[in-house]
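These notes open a run of structures that come right after.
Common to both upcoming complexes is chain A, partnered first by chain B, then by chain C.
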Partner chain A sequence: MRFFSFYVTAIAVALGFILALLLTAFLGENPLDVAWVLIRGSVGSSTAFGYSLFYATPLIFTGLSVAWALKAGLFNIGAEGQMTVGGISMAIVGILLQDLSAWLAWPLALSAGFMAGAFWAWLVAWFKVNRGVHEVLGSILLNFVSYGLAGLFILNVFRNTESANPETLEIGSGFHLSTLEWLGGTSPLNIAFFFALAFAALIDLLIRRSKIGLHLSWTGGSPEFARRSGLSISKQTIGAMMISGGLAGLAGASVILGYMHKAREGFAGGAGFVGIAVALLGRGNAWGVVAAAVLFGCLQKGSLDLDIDTENISRDLAVVIQALIVIAVAARPVFERPIRNWVDRRNKAVN
Partner chain B sequence: MDLFVAFIESALRVSIPLMFAAYGGLISERSGLANVALEGLLLMSAFAGAATVAVTQNPWLGLAAGIFAGAVGGLVFGVAAIKSRADHIVMGIAFNMLVAGLIPTICRAWFGVTGGTPQLDRSVRLTSDASFFVAAILLGAILFWALRATSWGLRLKAAGDEPSALTVQGVSAGLVRIQASVLCGAVVGLGGVNLSLCQGSGYIREMAGGRGFIALAALIFGAWKPVQAGLACLLFASADALQMLLQGKSFFDFAMPNSIVQIVPYVATLLLLALRRSTMNAPKAINRPV
Partner chain C sequence: MSQTTSVQFDSVSRVFPHCRAVDNVSASFEGGQIHAILGENGAGKSTLMKLLFGLLQPTEGQIRIRGEVQHWKSAGDAIGAGLGMVQQHFALVDSLSVIDNIMLGYESTSALGVLNRGEAIRNLEKNRQSAALQLDWHQRVEELSVGEKQKVEILKLIARKSQILVLDEPTAVLSPKEIDGLFAILKSLRDQGRTVFVITHKLGEVFDHCDTWFVLRAGKKTGQGSIATARLDDIVRAMVGTDVPPLDSRRPAVTGESRLTFSNVSILEAAHPVRDLSFELKAGEVLGVAGVDGAGQSEIVEALLGLRSFAGEIEVLNCILKSSPTPNESAVQLTRLRELGLALVGEDRHQQSLWLDESVEINAAIGFEEQNQLVKAGWIQRGAWREAVLRWLNSFDVRFNSLELPVARLSGGNQQKLIFARELLGRAVRLLVVHQPTRGVDFAAIRLIHERIIAERDRGTAVVVISSELDELMALSDRILVLCAGRATGHFYREPTSAPFDREKIGVAMTDAAASRSTQQERRA
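Moving on to the complex of A and B:
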């Protein structure tokens, strides 16, 4: 049965790719060339693959974030904002505590990111539980607020006046995450990728083996049952959103601590929104989220070359492919039934 | 005094796309189709309108193209959400993503850049804010009447509250919702055209800037009722007008950073939404498959 589910998801992914490549044909490109650019750009060399994994790292965090909230039946589309405030908090800690040694610095910065993201999501949960504001609206509005706050810190409070770019001062060297040359060549791939995998393992364990995960899935799957079992839906909602927000808050670590060593405007770069697609494709399974994040990371890296190597299309094709995949995954029932019938018929024929 | 007049004027102007988006959303949501795709519909029609004018130099064709693109977008979203029996919010988010990717892709293929359409000359734009505003008010009045007094309105509300009542009559609730989604798209299309051909001079990337979501908030704040939703749009628009007014100003020698001023409309929307708990007025079968 799980195997079957995997096949249906794979078909949905293939469908998304095929539709998007057909679109490129309409726009005057050779779809095979486009596919080749995407493949070469994402896995063509160890540096290219390193970049793909570098792009996948925040997606793992935001994907886990959205997936965790989805387990509780909550649609957290505010991962982008939570990632933004989390990343800014990491940068602030790094700027203020310049001389901290690495052993203290990383854990401190990561906790700051987690707590800031959790707080941002707590706001969404508070407005939902106490004032009936749907979490979709609350989180999207807070996204815009987070951009403003980030702008305040980047352009005003901690601005590096010597740089021509809108960016903050540098963080202390103890906060720098080491890069992984053996895996990613000259790409900025850094140890945050393994943090992400560790969190995926932790979330997998929590979801499948812990009371927290069980209560979470009751809340999402059958709120009435959860309530009659003595759970407070309000508390579950707040808790689920805070963990979800905390995970998204960590997503900036790879970019800010591992690569930029400062915060620039728009450093989140849409990873929070792609995280929604990652979570839906990963179907609420932590390792599924990792796989989906790596796929979308490859897509993001590969699509950068489209700007240069094609005449008529751009990196935005990656977004089209992602959206089509999400639509195909969401519309699974439409093609799930015919496939199931076909499998059943074949099984009968064999027997 | 001049400042006050300028404030009112810009509030009225900003409210136009919000009203069209909110009325479109109202049609769709009253039929039971939860609609977070308003943002994508606004962007899509804004782009279609501006792109058509850039090619044909005819603003009326641009208007028609914007409305048509909105209707097509509504059809795509409606069919995808209803026929797949998927969660409407998931489908709406996916639709927004699709639009966010498609517009720059098509833009690059047609105009060579991903950032937007070429600047449009004033002579080929729709310059009358006032007619758009009057159209929006009229639309609100028509909706108010149609929801109470026409069989279309009754069917729409039935599809949103009790779809099985339609099924018993031999009317397909799914079809009612898809029709509503097409109409919603066309109405939102007017708002999109207003953005790119009237308030702006062409399409620029992400030009809706969350207005689709603010319109959704206004619709909820207005308890899914046309008159109240229209007033809510005016309220939320004045927060946006306030933001424009405050930009670049300083108070007691303290220059307000623009990044803080810019968040005013979003904070105001969130707080106002929290102030009035109107979710109990939601259509009963919203986001339920039929």
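Moving on to the complex of A and C:
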């Protein structure tokens, strides 16, 4: 069953790619050339691949965040906002504690990011449990609040007045995450990528092996049964949202602690929303989320070269491909049935 | 009375990708008779009837109606050709009147487009033949009882001049008296020359009211005959494939301490309110709760789980329940009750007792993982879990291909046995609450479930069985409490005779006229 599901998703992804490349043919490009540019640009050198993984890192966190909430039957559309408040909190800690050494600074900054994101999502859960506000509404509205809050800190409280850009002061050097030259060449790829992998491993273990994970997916999978077995749906909702928010809160670490070393306006850059697509593509499986995030990271990096290397198409093709993949995955049932029938018939023939 | 062949199946098969739902069935049914279509769940009864209706096309073979091969492609064609069906779930518009429901889709209008209700009523009065089919034509359907709604469905078929009528499990929702009324109507329709098919699994009704019997098992015809010459054993063997031994004679109840007490309990904020209910259940006895669906049974179960607010006092396993708990308080309280030995088999097993997309393995133990030490320090003990689950499932004879398969893929009987195994095994159960123990469950599984319920009682567990099947309750219960419209309308004790309960008296209590009238008045007030 699991393998079957993997194949169907892989077919959906391939279908999305092929459709997008065919579109480029209408724009007067050779689809094979376009494909080559995408591949060379994303995995052609260690620096290129480093960039791809760098782009993938926040997507792993936000993908895990959305996937975790989905397990509990909750649609956390507010990962963007939770990432924003998490990132700002990391930056604030880093600016205020300039002289902290790395072994204290890293855990402190990460905890600040996790807790800020968790708090932001707790608000959503609180409104849902006590006031009946649907989590989609609550989380999307809090996104806007978070943008305002981020603007307040970046443009007023901690603004770097020396800089022409809308950005904060620098964080202390103890907070800088180490870059990984051996893997990513001269790209800004940093240790946050491995943090993300560690969290994916942890989430995978929790979902498959722990009581917390079991009860989480039970609440999402069969809420009335869970309620009649003594589970508190409101507690489950609050817990699930807080962990989801915390994961999203960590998504800014790679960019802020590992690359910019400050917070800039709009640093989240839509990673919270792409995380929804990543979670869908990963089908609620932590390693599936990692694979989907790396795929989207590669797309993002590979498409940058399209601006230079092709006449008629720009980096926006990446967005088109992403969209087509999501549509193809959502349309799974359309081609899942014929494939399943074909597999069944073949099995029968073998027997 | 015409004795011509009305419906004939010639080597009919219907093949689905995974199974032969109907397998080479040949049978002919005389016109002007009541035919009982019997078989366990999944035996192919509904598929056979869908073939008759043209909702499905046979893969092989053909179906002849009054000698003519049937070629229609949709239910519309079938209705035009004089077939009619009453589904288990009625297709009625609650806010419209009886006559409007009957006319819906077949309206006759005067020149100006005004509905011709008078003419429709005159036609019905002329054709209905039986006094039992008398209804207030202008009453709104939502005010009717279940039995009356069924009459509306039958009247719809008469108005459409259906000659061949199919009723799918028509008696599941009726009280004994209403069942007799229904068959009186069906007999009058038969005497007018119509052919009636009744899909059922209640053998009692078949012997009392039907003319012929026909059994399907696993898609194949396993028996057919006339009721006049039929023996019960033959029919049961055709349905199950083997002889079923009768339930062992039970030893008298040995009761102990009190395990469940309701004192003047009212549950008013509910779809089916309960009023002033008191009873006590002791260790070692089975209390049956009888009543047609919607007499307050679901509300009582939710109240004793602590999931609903109520007035009065409920004591479960020596805990006095909070009368209006918050969701978090309910969860804590219910967890405590389950630790004290509460087991529950829910009414709607797909919603309330199973996690359909999850594996058999998880479903067979979830909810009791801590009590059974299948989780230690927050981590699932895979080996212990699997080993325990295999033992439990075998002990309840649950048939499955793989522990990893979603539980939704099991048959209804196996699902229900799995739920009983999970709730009863691996820990000390002191109170078992069972709501609809055997709804949609095959014969062999019913037998096993009944045996295990009695075994629990003999072990000293207090058992509540809530069921709308009176036969089941009379077989299992030491006492029967009858509910009607949220009130207790009777309390019956088992007599040590061959007929331990008085079926007729229980039936009267189930449809207690006084109780239903008073609640209707309250609802209007």
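Here, the second predicted complex is superposed on the first by the 349 of 351 C-alpha atoms of A that agree within 3 Å, B and C clash if a C-alpha of one lies under 4 Å from a C-alpha of the other, contacts with A are read in each partner's own complex, and residues count from 1 in each chain.
Here is the rule we use: a contact is a pair of C-beta atoms (placed from the backbone, for glycine too) under 8 Å apart; a residue touches a chain by one contact, two chains touch by 3 or more.
Only a predicted model underlies this, so the values are computations on that prediction, with no experimental measurement involved.
In this superposed model built on chain A, chain B and chain C occupy separate space and fit side by side.
Using the contact criterion defined above for the overlaid structures, shared-chain residue A:L280 touches chain B, although it does not reach chain C. By the touch criterion defined above, A:L23 reaches chain B but does not reach chain C.
When the two structures are aligned on the shared chain, A:D316 is found in touch with chain B, with no touch to chain C. Note on the composite model: angle chain B-chain A-chain C, taken at the C-alpha centres, equals 70°, rounded to the nearest 10.
Between chain B and chain C, the partner in contact with more residues of chain A is B. When the two complexes are overlaid on their common chain A, residue A:S232 makes contact with chain C while staying clear of chain B.
In the superposition on chain A, A:F49 contacts neither chain B nor chain C.
Of the two partner chains, chain B is the only one that A:G148 touches; chain C does not reach it.
When both complexes are overlaid on chain A, the residue A:F158 reaches neither chain B nor chain C.
Minimum Cα separation between chain B and chain C in the superposed model: 8 Å. Common to the chain B and chain C interfaces on chain A is no residue. The touching residues of chain A, counted against chain B in their complex, run 23, 27-28, 75, 77, 127, 130-134, 136-138, 140-142, 144-145, 147-152, 155-156, 273, 276-277, 280, 312-314, 316-324, 326-327, 330-334.
The touching residues of chain A, counted against chain C in their complex, run 1, 209-212, 214, 217-218, 221-222, 224-225, 227-235, 341, 344. Within the complex, the chain B residues that touch chain A are 36, 80, 83-87, 89-91, 93-95, 97-98, 100-106, 108-109, 114, 210, 213-214, 216-217, 220, 257-260, 262-263, 266-267, 269-270, 273-275, 277-280.
Listing the residues of chain C that touch chain A in their complex gives 17-18, 305, 307, 327-328, 330-332, 334-335, 337-338, 344, 346, 351-358, 362, 366-367, 369-370, 375, 378-380, 382, 404.
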